[in-house]
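Next up, some structures in structure tokens.
Next come two complexes built around chain A: one with chain B, the other with chain C.
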Partner chain A sequence: MKIKEHQLGLHFLFILTVLVLLFPLVYALSNSFKTLNDAFNNVFSLIPREFTLQNYIHVFTRLDFMRIVGNTFFISTTVTIFKIITSLLAAYSLVFFNFKGKNTLYFILLSTMFIPFTVTMIPNYLTISSWGLGDSLIGVLIPQLADVLGIFLLRQSMRGIPRSLIEYAQLEGASTYNIITGIVIPLIRPNIISTGILFFVNSWNEYVWPVLILKTKSKFTLSLALQMFISSEGGTDFTIAMAVSVMTMIIPITLYLIFQRYILDTFTTSGVK
Partner chain B sequence: MQKRTKKGKWDHIKAFGFFIPVLLVFTIFVFTPFFKTLYLSFFEWNLISPKKTFVGLSNYIALFQDPVTVKVLSNTFVYILIMLVVNFIVPYIMSYMMAIMLKKGQNFYKGAIFLPYVISLVVGSILYLWILNPVSGPIGLIARTFGIRLPIWSKTDGLVLLILSLITSWKLFGYNFIVLFAAVNNIPKEIIEVAKLDGISNWHIFKDIVTPMSSATGIYVLIITIVQGLQQGFTPIKVVTQGGPNYGSASLTYQSYHEAFTLYHIGKSSALSVLTMVLFMVLLALEFYFVERNVYYEN
Partner chain C sequence: MKSIQLKNIVKRYGNNTVVSQLNLDFEAGKRTILLGPSGCGKSTILRMIAGLEDISEGDLLMGGERMNDVVPGDRDVAMVFQNYALFPHMTVEENIGYALKIHKVNEKERQDRVSSAIKMLELEGYEKRTPRELSGGQRQRVALARAVVKQSHYFLLDEPLSNLDAQLRVHARKELLNLHETYKQTFIYVTHDQIEAMTLGHNIALLYNGDLQMYGTPVDFYNKPANVFTATFIGSPSANISHVTFRNGRVFIGNQNLVLPEVWQAHLTATGMEEMFIGIHPETVWISDTPTENSLSGLVTTVENYGGRWGIHIDIDNENWIVVMKEDVPVKGSTVYLAPDFKKMHFFHPETELNLGSPFH
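Right, the complex of A and B next:
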């Protein structure tokens, strides 16, 4: 009997945690379909009194919204593809080749995770400007083409591949290219997918760097577009801001829900060290 | 024999060649900037002027004489403290509850708790700004039915630090929880069963068995909580308060950004960034000290 009460208490705690964490999302979804009046007078009902699509229509008419989504999509996709390729090559080298200074190199790369973004922001801003890439999408994505986290996660998963398998393929005369595409990639596909989704989502949500680089509205990404709807007093854009929020969240959440198992596995099985 | 060394050499070149793309990006956008910022911290410059004036250590001295720096450091300390409680101690205890005590529903809770990690903190900031709006948000309205008028949190010293840390924690909580859960869940269940049979309380099992046996991950999460907290915590500050009221919510990272791109004090900003860097390096050193020496390895 006592154990049952125990379990009930635990479930109560976890459900409460989930509610606190997910309530904002439900709240945004509900308000994005309310009229402004409804949103202010009917705060506690999650179901709109009069269901409206006006907020979403507004977003598309007041902004070149498809363009903003396109910009965000372009940056995130390019960044993800490059990060996966660069990480895959570096991880392969770390796991299957021996060379002098390998561990030192890996150590130095890992340490860069502890460099605060403020240390690199001014010089990078200057570099991008001097290349004439200020206020451009390319300027946003160029510094993001490689990522230590990717090297780390893919290295962890490649270490699970038996060395003898690679050596055998080499003896059979397979080229490194064939080994990577024919053996390595198929074996660690779930890890590549989850790492890729992580890259995509992080780049999709990136705020600090685009805010420094992009000035023209037509080049904005979703995070920057969202910022245009904030006024801490509560202004008239409230329900529209909710609609933009929903559209910003929808892609990361969908990707997460589809690949949830892979993503959680990558974090739980690869551990940290 | 000849052929073999030749192949060895070729492998060597190839091994290094695979690193070239990563090294190229890192050299241009991480390593060089690192030294450039260090260099800039000894100059006075406004980002635009062709002339930089060498001022030695005076940016650093000016920082330590500035009451704003004291405020920023104390804010940063408060941010770290709150996030350590909310984002390290709480998920550690909860991961124990889930791994050892909870019997059903683990997968559902794990999946749901992790979800905010994939959402933009700009979105998070906006959502909480509305939910916690003291006049028209749900929390404010509930409080009012009890006759309580909530202060405008984004303009109230102290409270602003708490709410902004909670917004950052909202996003990062799930990641910390999942990683800690994996470590706690890896501890052999027999050890805990035996302790339970001996009548040892859950609290003592957690404190005396679980934390020591998961300490490598524990220290990693502790440090990542501070580092990620300060990095990601920038966004809600920038979006909601811009460091206000009167620097009441500025953290080290925010202040560095503010000095550079609002006030154009490049030297001072760089000096602040170097300070932040030193703080992070101390943490990194601690991680290596503890993880390499005293802790129990999970694997």
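Right, the complex of A and C next:
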């Protein structure tokens, strides 16, 4: 591709932005293969002086690492599935059902999006503990089974579906279940996938809520494990922390690479064409 | 086939009454057209029959049974939407077979019915395409095939031709007629286009502001318009309506008058009225450029070319009339003399605007 002269400045800016954004990732990757000495004496070099897998091995020997990955995966997947299901149902009724107070209800739902997490954190914690779910994965899950953001995003995309499609299906005797699974979901699939990825990554990276609930190491999620190597626990094992970081990144990045087409679609266009 | 009856049907949205006290019979196996300008309630009526809108008051009878509270899926209606409502993620075949799949018709029969509908509507070769890959006319045929395949008693069409261009529309109209001649469902067709209404309908119901203006055959609509609105809605251009005074056997228009034939004189005298509206179709007036006996004089203000026909706008003492003619077209600015065909004129009540009847039919 030929770059026109007047675009040169723009391209320079893009490249700079990409470098700035990529730097921490590459930095983490390179340091995860360095020895601790190397990392401290050779701060700015991106290529390890002596390449080592010791950091990764260390993570796997000192912790039941696969279990932590499993915990994180379990929480993120469950949260994502539930959020998508609840958002789909809520969005469908907000778009295609007529009932009194529909708009008021939607307004109230939306306004909860602006309540900071810190406000609901303590009441949620107290509720979960009083149910005896403290220090359990289920306890982490429960307050996260629905999300207004998902209702908002899916409602927007469903509004792009012509009402006559739904009416036609009703005329043919299709049940609401048939309509949602046979018509709505296929039509807004890209939006559902990208919303799902958003939920998955958010849940994957979540730190404050799991840290409040989880106490036992075997129940930790990746972001809590990462913290172990940076703070008090065994001093600052910088290179090990980087190895954990790299492994924490892998799944969301892979997901993004697989589904990037849908994600771009959703954020650059809207509705059903 | 079964008939549909509306008995005192009312539709309200909040305080807004869209349809008031409507009584209509849709004869079994006949094509009835719901005609009217946009916002007259015709689509709402169709949607109430389909069950897509609730009925505020009155009874909807389908095949003699009250259906007000029956869900759309159980009313056995096939409907064609204005935008066709084809599923963009399904192929032509899947779209046509959707209803059968929902009704769990077995695979074999489903395929038979779908392929005969595809054949009927000349969609062979397009089975695997999605609606996006079809032209407007093809999409419309898929929508029809989808309705045909259902083999239901009632066929509801909501302005199905309005998204087609003029040439295609003529062809599609013929296709619709063939389709109905084959299956003879009770056919209800919503349109704002009088040509479609006249060419397709056994019966026409003309609506305005949620009120039935006239119900009758296309021929009646032209020859015996029930009221001023009907006369102005039907015909292209529509009938000329002027306020006139009837006195001493003459009708006075502006400063001029016409002597009415004796049968009209007797008929109008019997009504006991002096003030009334006259209605004259543009095709029923003779124009000449020399004064003739018993004619009105007027000034030609505009001449429009309709292609093979001309529309002459004439100012008769500040009344604006349109006369349609095929040859010997007067020029703009000239004075012409108009002699209407007395057999084809109408008189309307000054307040109720109802047709006062004619001694000729």
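Descriptive notes on the structure:
Keep in mind that, in the parts below, the second predicted complex is superposed on the first by the 256 of 273 C-alpha atoms of A that agree within 3 Å, B and C clash if a C-alpha of one lies under 4 Å from a C-alpha of the other, contacts with A are read in each partner's own complex, and residues count from 1 in each chain.
Just so it is clear, a residue touches a chain if its C-beta (ideal position, glycine included) is under 8 Å from a C-beta of that chain, and two chains touch if they have at least 3 such contacts.
Keep in mind that what you see is a predicted model, and the values were worked out from it rather than measured.
Looking at the superposition, the partner that touches the larger set of chain A residues, chain B or chain C, turns out to be B.
In the superposition on chain A, contact of A:Phe220 is made with neither chain B nor chain C.
Applying the stated contact rule after C-alpha superposition, one finds that A:Phe97 touches chain B and leaves chain C untouched. When the shared chain is aligned, chain C comes close enough to touch A:Leu187, but chain B does not.
Looking at the shared chain after the overlay, A:Thr118 reaches chain B, while chain C stays out of its contact range. When both complexes are overlaid on chain A, the residue A:Leu22 reaches chain B alone and has no touch with chain C.
When the shared chain is aligned, chain B comes close enough to touch A:Phe40, but chain C does not. When the two structures are aligned on the shared chain, A:Phe152 is found in touch with neither chain B nor chain C. By the touch criterion stated above, A:Ala241 is placed in contact with chain B alone, chain C being left untouched.
Contacts of chain A with chain B, set against its contacts with chain C after fitting on chain A, overlap at residues 272-273.
Chain A makes touch with chain B in their complex at residues 6-7, 10-11, 13-14, 17-18, 21-25, 27-28, 31, 40, 43-44, 85-87, 89-90, 92-93, 97-99, 102, 105, 109, 111-124, 127, 142-143, 145-146, 151, 176, 201, 204-205, 207-208, 211-212, 222-223, 226-227, 229-230, 232, 234, 238, 241-242, 245, 248-249, 252-253, 255-256, 260, 263-264, 267-269, 271-273.
Against chain C, the residues of chain A that register as touching in their complex are 162, 164-165, 167-174, 178, 183, 186-187, 272-273. Chain contact summary for the complex, chain B toward chain A: residues 11-12, 14-16, 18-19, 21-22, 24-26, 28-30, 32-34, 36-37, 40, 47, 94, 97-98, 101-105, 109-116, 118-124, 126-131, 133, 135-138, 141, 154, 170, 173-175, 178-179, 181-183, 185-186, 216-217, 220, 227, 230-231, 234-235, 238-240, 252-253, 256-257, 260-261, 266, 269-270, 272-274, 276-277, 280-281, 283-284, 291, 297-299.
Only residues 50-52, 71-75, 77-79, 81-83, 85, 87-89, 98-99, 102-103, 150 of chain C touch chain A when the two sit together in their complex.
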